[in-house]
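Below, each structure is written out as structure tokens.
Look at the two complexes coming up: chain A is in both, with chain B in one and chain C in the other.
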Partner chain A sequence: MLKILIPTLMLFPTIWLSPAKWLWTTSIAQSLIIALASLSWLKWSSETGWSSSNLYLATDPLSTPLLVLTCWLLPLMILASQNHISPEPLNRQRTYISLLVSLQTFLILAFGATEIIMFYIMFEATLLPTLIIITRWGNQTERLNAGTYFLFYTLAGSLPLLVALLLLQNDNGTLSMFTLQYTQPLHLLTWGDKLWWAACLLAFLVKMPLYGVHLWLPKAHVEAPIAGSMILAAVLLKLGGYGMMRMMVMLDPLTKELAYPFIILALWGIIMTGSICLRQTDLKSLIAYSSVGHMGLVAGGILIQTPWGFTGAIILMIAHGLASSALFCLANTSYERTHSRTMLLARGMQMVLPLMTTWWFMASLANLALPPLPNLMGELMIITSMFNWSYWTLLLTGIGTLITASYSLYLFLMTQRGPLPSHIIALEPTHTREHLLITLHLIPIILLILKPELIWGWCF
Partner chain B sequence: MLARLSRFGPALTRFRTNPAFGAGFVSQSPPSGAAGSATVSDLQPSSAKESHGHAEVSAFEKNRDYHGFSQDPVVDEWNMRMAFFFGISMAIVVGGTFIHYLPDHGMRQWARREAERLITQREAAGLPLMEENYYDPSKIVLPGAGEE
Partner chain C sequence: MADYREAPLATRPKTLDPAEYFNLSLDQRRAEEERAGLRAQLKRQYQMQLNNPHRKELIEDPALTRWVYARTNPYNHFRATKKTSLLGGLFGVVPLFVLYYVLKTDRVWMR
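Let's turn to the complex of A and B:
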């Protein structure tokens, strides 16, 4: 654990002490070395859960894929931000990269935490750098509204969680995940207990987000600069899923009855957000709503508490993280050239930037869950386990999958095919940096086809 | 007029008429051809000079081998090398090889082999494949029926 954390913390001296012209080179090199070192967490040679353990941090098959995803994403964020941040004064560039690194540190501590209060504090701590990135470096005036929605939705969900955790600490004497997994099921009978159950999950449902409390997401994703959108879509949403999976261990047997409304909301959300995607004119907004839909499926998979549901949830979280981040990067390449997110203004890009079209195609295929990509495997596991739970869910998930395929195809056709508008026939050619950025997103998804057991979690 | 209305302003005419860009862009008709472009170049005669560095200048003009990292060609080149080396050669190739050669992840293949071995062993001995009780019932000590 420390062999990742200490180099990450040492990124701060690297950022602030590098000479101006080597700032980005050293940052990208060091963050890629950290990403390489993080792959050592994937070694899971025992049949039992936790490894790499010290008193406060450990990894287990649930947190390891998310940790590796987090460490992989930092160099990608740095690559993506390099163009739009470089005109700024040097200290502001250093501040920006420092915010990304601090997010990375909080996320490693959050996913590695073995004590739930530590997880909670890191969960809250990730809000601050994200808020600063959105409100300071966002491009439109709506970024202030977006920051407010983002902050207050998440805080409103997580303050009840704090109370619930303190109550649990009072009753159990510990909040260590090592011991909580072995406690007896709690006798939860009163209304207060049911509120406690809801308080445990609400923060994570808001974060995922669940349809109904999802309004912060389109705003935050759209107004954030590219690094903000990437980290939000790829990792911060998964904090919600991860938190839910950790808390589920203790919330049985109440979950059997109380989860119904949330499962229904999640499934309905897939259809609703998918339909909204089909009507979007703003490119980033489409990708943001597609994240809500996919996370709705993940939420459904977690709430039914079956082994396949959990496994499908983890697979889909990782696969969606990479695919969604790739789509945001692609949207950003279009935005940096045309300074507009309106899809109608940047059509027919295949004529001008054909290799970029290949990446758009692959990212759209990943989004619509094409086999044999892990996106499909995760979705299929969740859909089948939900079918096992209740036959009727197949109606909702089936229509949801259909609509997902439709809007992913719509996204590809609207941006790449069609007539090239006359005002953008002279666009800057694609940079090597942009090609590298997208391939570094897509290659891991493809490699995961070959060894999916890395992301199967501990239930399979 | 297109140059006035379009987002890029004077830069658009400069792109169109700059011969250095032939490789990357759609080929342009000669400036004397269309009446429209003649009007445009009259309206925006020396667009780049007049905008005094405020027009969008593509980095490809100064550096033919711009990779997208930095305006300084040396830093651009080295940044590209570092990103590709550590990203592709180290993280994906070496990292991928490391992951490929990791031992049996979560002992799943071992579990399968062990299960098959136990099944053949128990079938050969005529034993049931699995007992109904996980714990041996004779070892469970329950309180007596009359005690509370």
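Let's turn to the complex of A and C:
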């Protein structure tokens, strides 16, 4: 664990001491080396449930895929920001990359944490750099509103979690994840216990987000600059899923009764957000709402507490992280050329940028969960386990999948096919950097077709 | 009258001019001419920007901007009327209760 954490911390001196000409090259190179080193976590040689552990940090099959995803995303984020940050003064560029690296550090500490209070502190700590990135470097005036919604929704959800965790610490003496699974199941009978149960999960449900409390997500995703959108869609939403999966261990047996409203909200949310996607005019907003839908499926899979549900949830989290981030990068290439997110404005791009169309096509196919991509594997496992939980959920998840396919195709057809507007001239040709960025997103998804065992989690 | 079209490059005879044929008042005709003038000015502005050889950016269409703003900010002008309350309840509240009832019955009593 330390062999990843210390190079990440050493990225700060690299950023601040590199000469201006080499800033981007060195930061991307170092973060890429860290990403490749993080792949060593995937080799699972431990006999116990946890590996690579010291007193405070450890990895297990649940956190390893998310850690690798986080480490993989940092060079991609820096690569994506290179164009729109370059006109700024040097120190501001350094600050921007430092914010991304600090976010990375907090995320590694969060996913690697073995004690739930540490996870909570890192969970909250990730809010700050993201807030600064959204409100300072966003492009429209709505970014302030977006930052406020983002911060206060998540904080309001997580304050009850702090109380719940301190209560648990009081009862159990420790909150270490190593021993959490072995504690006696708590006798949860009173209303206070039910509130405690809800408090444990609310923060993560807001973060995921669940359909009823999802309002912060479209705003934050749309107003954030590209690196902000990437990290939000790919990793920060998964913090919510990861937290839920950790907390589920000790929330039995109340979950059987109390999870119904949340499962229902999640399932209904898939259909509702899918329908909203079909009506969107803003490109990033469409991708943001599709994230809500996919995460609703993940929330449903986690809340029914079956092994296949958990496995499907992890697979879908990783696959969606990569696919959603790829879509945001593609939307950014369109935005950097036309300075508008309106889909109607930037139509017919296939005529002008045909190779980019290939990447749009593959990313849209990943979004609509085409077999044999891991997106389908995750969705199918969740849908199957929910079908086992209750036959009627198939209606909702089936219609949800149909709507997902239709808005993904709508996204592709709107941006790539159709007539090119006659007044669009002087579009820059695609840079190699942009092609590299998107291929680095899509290649892991394709490779995961061949070895999905890496992201199956601990239930298989 | 509806199917009549003059030959290309020819002009209509005065009696078949719609303003005369439908006996529109002078005020309406003046308003019509003003509107035609405004449209011509807008088209001219667009053509000037379209054919400007030094232009590198997109032509900004204020109608598109207003439409996009209206599509993205509906809640500022939201009013709770009978129709909106009915729609909100039908799609946002009732399904949750119906689903709760359906899923609970299926899980608890049917299986």
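One rule holds for everything that comes next: the second predicted complex is superposed on the first by the 456 of 460 C-alpha atoms of A that agree within 3 Å, B and C clash if a C-alpha of one lies under 4 Å from a C-alpha of the other, contacts with A are read in each partner's own complex, and residues count from 1 in each chain.
In the analysis below, a contact is a pair of C-beta atoms (placed from the backbone, for glycine too) under 8 Å apart; a residue touches a chain by one contact, two chains touch by 3 or more.
Please read these numbers as outputs of a predicted model, since none were measured by experiment.
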Which of chain B and chain C A:Thr183 touches, first, second, both or neither: neither
Chain B or chain C, by number of chain A residues touched: B
Which of chain B and chain C A:Ser390 touches, first, second, both or neither: second
First (chain B), second (chain C), both or neither touched by A:Gln140: neither
First (chain B), second (chain C), both or neither touched by A:Asn54: neither
First (chain B), second (chain C), both or neither touched by A:Leu454: first
Partner chain in contact with A:Thr338 - chain B first, chain C second, else both or neither: both
Partner chain in contact with A:Thr174 - chain B first, chain C second, else both or neither: neither
First (chain B), second (chain C), both or neither touched by A:Ser86: first
Touched partner set for A:Ile425, first chain B, second chain C, both or neither: both
Shared contact residues on chain A - chain B and chain C: 338-340, 422-423, 425-426
Touching residues (chain side chain B, partner chain A) in the complex: 2, 6-7, 12, 15-16, 21, 24-26, 58, 60, 66-72, 75, 78-80, 82-84, 86-88, 90-92, 94-96, 98-100, 102-108, 111
Touching residues (chain side chain A, partner chain C) in the complex: 260-261, 263-265, 267-268, 272, 281-282, 285, 338-340, 342, 344-345, 389-393, 396, 422-426
Residues of chain A touching chain B in the complex: 21-22, 24-25, 28-29, 32-33, 35-36, 39-40, 42-47, 61, 72, 75, 79, 82-83, 86, 338-340, 352, 422-423, 425-429, 431-434, 436, 439-440, 443-444, 447, 450-451, 453-454, 456, 458, 460
Residues of chain C touching chain A in the complex: 49-50, 55-59, 64, 67-68, 71-72, 91-92, 95-96, 99-100, 102-104, 106-107
